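One structure is given below, encoded as structure tokens.
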Amino acid sequence: MTTATNLRTVPLVRRYLTFTWLVLGLAVLIMIVAAIAQPSIVVDTLVTGGMWALLAGGLALIFGVMNIPNFAHGELFLIGSLVGFTVFSPIQDAILENPDAALLKVVGPFPGMIAAALVGAAVGVGLEVLLFRPLRKRSRDQWVMNTFLLTAGVSVLLVNMDRLVIGNDFRGITRYWDVPPIRLLDVSISVDRAMVFIIALITIALFSLFLQRTRVGRAMRAVAQDEAGAQMAGIDLKRIFMLTIGLSSGLASLAGAALLFMFPSYPDVGLQPLYLAWYVVILAGLGNVQGAIAGAFIVSLLQTLTVFYVGVGWVDVLPTGFIILILLFKPSGLFGSAVKGIWEQ
Amino acid sequence: MLELTNLESGYELLQVLWGVSLRVDEGEFVALLGPNGAGKTTTLRTIAGFLSPIRGDVTFQGRSIGDAAPSAVSRMGIGFVSETLNLFPAMTVHENLLVGAYAVKDKRQIAATRDLVFELFPRLHERRDQLAGTLSGGERKMLAIGRGLMPSPSLLLVDEPSLGLAPMATLATFAALKALRERGVTILLVEQNVNTTLHLVDRAYVLEQGRIVLEGTGTELLGNSHVQEAYLGI
Amino acid sequence: MANPSVANAPTSPIEADRDATRRHRAALLLVLGIAIVLPFVPPFTGQDYQRWLVGAALLAAMAVAFDFTAGYINVVNFGFAAFVGLGGYTSGLLAVDLGVSPWIGIFVGAALAGFVGLLTGMLTLRLRGIYAAVMAWFVGLAVMGLVRNLPDITRGSLGLNVPLLLDTSDNLPYYYVILGMLVVTLVVLTVVIRSYIGLAFRAIGQNLQAARASGINPTRYLVLNFALSSAFAGWLGGFYAHYYGILTPDVMLTSRTVEVLAVAYIGGRGSLWGPAVIAFPLSIAVELLRTQFANLPGLYLVLYGLLLIVVMIYRPGGVAAAARSVDEWIARRRRPEPVETPRAT
């Protein structure tokens, strides 16, 4: 019996994975070549890739569990950067006044990031309670398209609220950790970048562990796979929805705060992170969280290569071409199988 | 234990049940029989909380559960194995069972029920780490029943377990239900396989066009002329 | 006995239908009449107000073209602004570089936008609706990136100076031109919607699977719809270019799409006339807000966002649905009460 099942699953696995492995292999190959030719490409890819992974992972999660294609995801990045700046500014002043306070120098940046994640999560929960829950109660017809438009409205609202209330100027910092850069294999890496990468790695690891191993994480995946089945098991959808949107939003805000030294806070700051996260999610397959994490590094590599060899202005043009190519061959994305395209039917 | 009184229920534009009253006592094995479209699944979906009664009420252990959400119904001790099974296809067999025990906090109890499920369905034990989406029809049914058992429900609602199964797998499923009943689980079973069911259960109701038309023990109904004519083809 | 006001009241359902059509036509002609005489009514006689009227009519026409896809086949063209810009740049560049008359150029721009819409549709509309919406957005971003990055051709962010459509800078003639274009857009798209093609659109929009089962090839109709809407977007973009006289890549910003989208949904999805009518009061109100509160940038967009959110959750039919219920109320009033035969006692 076991061999019979294997016969059934093996070709399936092969069909789904060969193309994906091809792309992944190519990405790794480019990374190796780049590491020899231009090591900074590797550093840039990993640093931004880690943060895009947080954004895209959250975006994939909220689509998978709640079927919401969140167009306001970038505004949570904005909220994160704003909270990060507000909390870190006085701390930075304190550091400047006491240049000898070593502990303050080391841990100073963290309160802002933590506060950003918490505020982001709270805003997410607020959106669920104020907007998505009433809409869900009224009608679930055309839910995906309607929530897409609804979140577009939220995005416009939040961006312009920021412009109206906070103002149109840039609020940024030059660095979180005021220490000399690390030298590694002939490349100098600023401590901020190294820390951002480490924070991303730890967060991704915790996030994956939570989804894979904990009771609530499993319940989230259960809701994504079969909402009715999850309810039969006694899972309260309302609670899971709040946790999901809170987690997704919190991750986006954390990214916003952590990248404050690269992206100063201003009303439109969420735009680029938004479409990068969407590039990743479309590339990986909608709703696929692990795929999104892997895809984030591919998009980041693509982006870094574009900036390095073509020019910064082409950063939106080339990934689009690449994604269209991928979707031609695999309409459901690199790692997805939930969506059926015409080529699979 | 479970009591429906003059239950009227259905969907937005289509009322299906027109005053259904039935009762399931502690430890009983009761079947709800009837033709396609009579409202059997609607009855179970209303009990499980997926539909709200238009009129009438559902009480479970003396409490009204008519307006309770599905998750609340499940937490009160009513397990529901739906016709469509609603498994989690991208999770392993073991994970499906763990999600089934979502409401249970005690780790030892979860392990004990899981062992019981594996004992009832050894096949699931063999397939423990396989994704639910790759199981055969019979295995999927077993997993759905197993998942329904994980919170140790006092009442199990089972919708058409024989649907789409080969005769051998059907027999195995019925045998499992019988074994469950002997372990003291109360069962309300919806079936179209009238002959086998009536030999298996304590009591049964016949539902036609949204109303209960007959009620009796298995043997009584086997001898009833309407049942013989309409369902047994005698 | 007979109430004089209901003397000519319809008696049969067919006549009631005819009556309704007559009533609707009368209402639309009345609105058109108002739109025609409006520039002669104070305060609309001023150049400022007339400029706003031109903007309102342009926005109205764009919202109609947008509603043609969003309201009927349920695909939201998130790259709409890019198609507008594509038409504008095509016509503008033809005029600047080759001296082609704007009156010809705007049709070439329409054709090119339609063609790109066709390609985009063919690539993405085989996939689920949300993929098409997001991919159209990506294509829009890519087109905008191209325009920005090819300053030798488009002058990039510096802006392209484009000859005007008419030999005057008086707003009034432009107003009648764009009003004519609005009427053409509305009439052509309504005719399409009323034909059997429109029936297929609605069938697909409501239930893709069922439409497929009843023998409709959904992709062909989806692509047709998308291309037609894009062509109109390009045509209107041509007017934009030759009215304002300057083009920057910013015409293609996503926020421009969201503005059109908000008008379309506030007006009422799937009605065509709803967006056309609501665009006037809405954009005049927005312009008033802008001038009154010039020190509060973004205020009008906050209102757009709020309106869109409220409409999406609580009034999914928008203004058109509200108007429809008024219409039904009138129809009920006009229908004679069923005569009750007095009972013999």
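Order of writing sets the labels: A, B and C. Residues in every chain begin at 1.
In this text, a contact is a pair of C-beta atoms (placed from the backbone, for glycine too) under 8 Å apart; a residue touches a chain by one contact, two chains touch by 3 or more.
Just so it is clear, the structure is predicted and the values come from calculations on it, not from any experiment.
S.K.: Looking only at C-beta pair counts, which chain-chain interface has the most contacts?
M.R.: A-C
S.K.: Just grab the chain with the largest centre-to-centre distance to subunit B, centres being mean Cα coordinates.
M.R.: Following the centroid criterion, the farthest chain would be C.
S.K.: Which chain wins if you rank chains by how close their C-alpha centre is to the centre of all protein C-alpha atoms?
M.R.: Going by the distance between chain centres and the overall C-alpha centre, it is A.
S.K.: Where the CA atoms of subunit A average out and where those of subunit C average out, how many Å apart are those spots?
M.R.: The separation of the two C-alpha centroids amounts to 34 Å.
S.K.: How many angstrom between the C-alpha centroids of subunit C and subunit B?
M.R.: About 53 Å separates the centre of subunit B from that of subunit C.
S.K.: I'd like to verify one number: the distance from the centre of subunit A to the centre of subunit B, where each centre is the average of its C-alpha atoms, in whole angstrom.
M.R.: 42
S.K.: With touch defined as at the start, can you tell me which subunit A residues reach subunit B in the complex?
M.R.: Contact set of subunit A toward subunit B: 1-2, 5, 8-9, 215, 218-219, 221-222, 225-226, 228-237.
S.K.: Can you name the residues of subunit C that touch subunit A in the complex?
M.R.: These residues of subunit C touch subunit A: 74, 76, 123-124, 126-131, 133-135, 137-139, 141-142, 144-146, 148-149, 219, 254-255, 258, 261-262, 265, 296-299, 301-302, 304-309, 312-314, 316.
S.K.: For subunit B, which residues are in contact with subunit A within the complex?
M.R.: Counting only subunit B, the residues touching subunit A are 48-50, 69-72, 74-75, 79-80, 82, 84-91, 95, 98-103, 126, 130, 134, 147-148, 150-151.
S.K.: Of all residues in subunit A, which touch subunit C in the complex?
M.R.: Touch residues, subunit A against subunit C: 69, 131, 134-135, 138-139, 142, 144-146, 148-150, 152-161, 163-164, 168, 267, 271, 275, 278-279, 282, 286, 311, 313-317, 320-321, 323-324, 327-328, 331, 339, 341-342.
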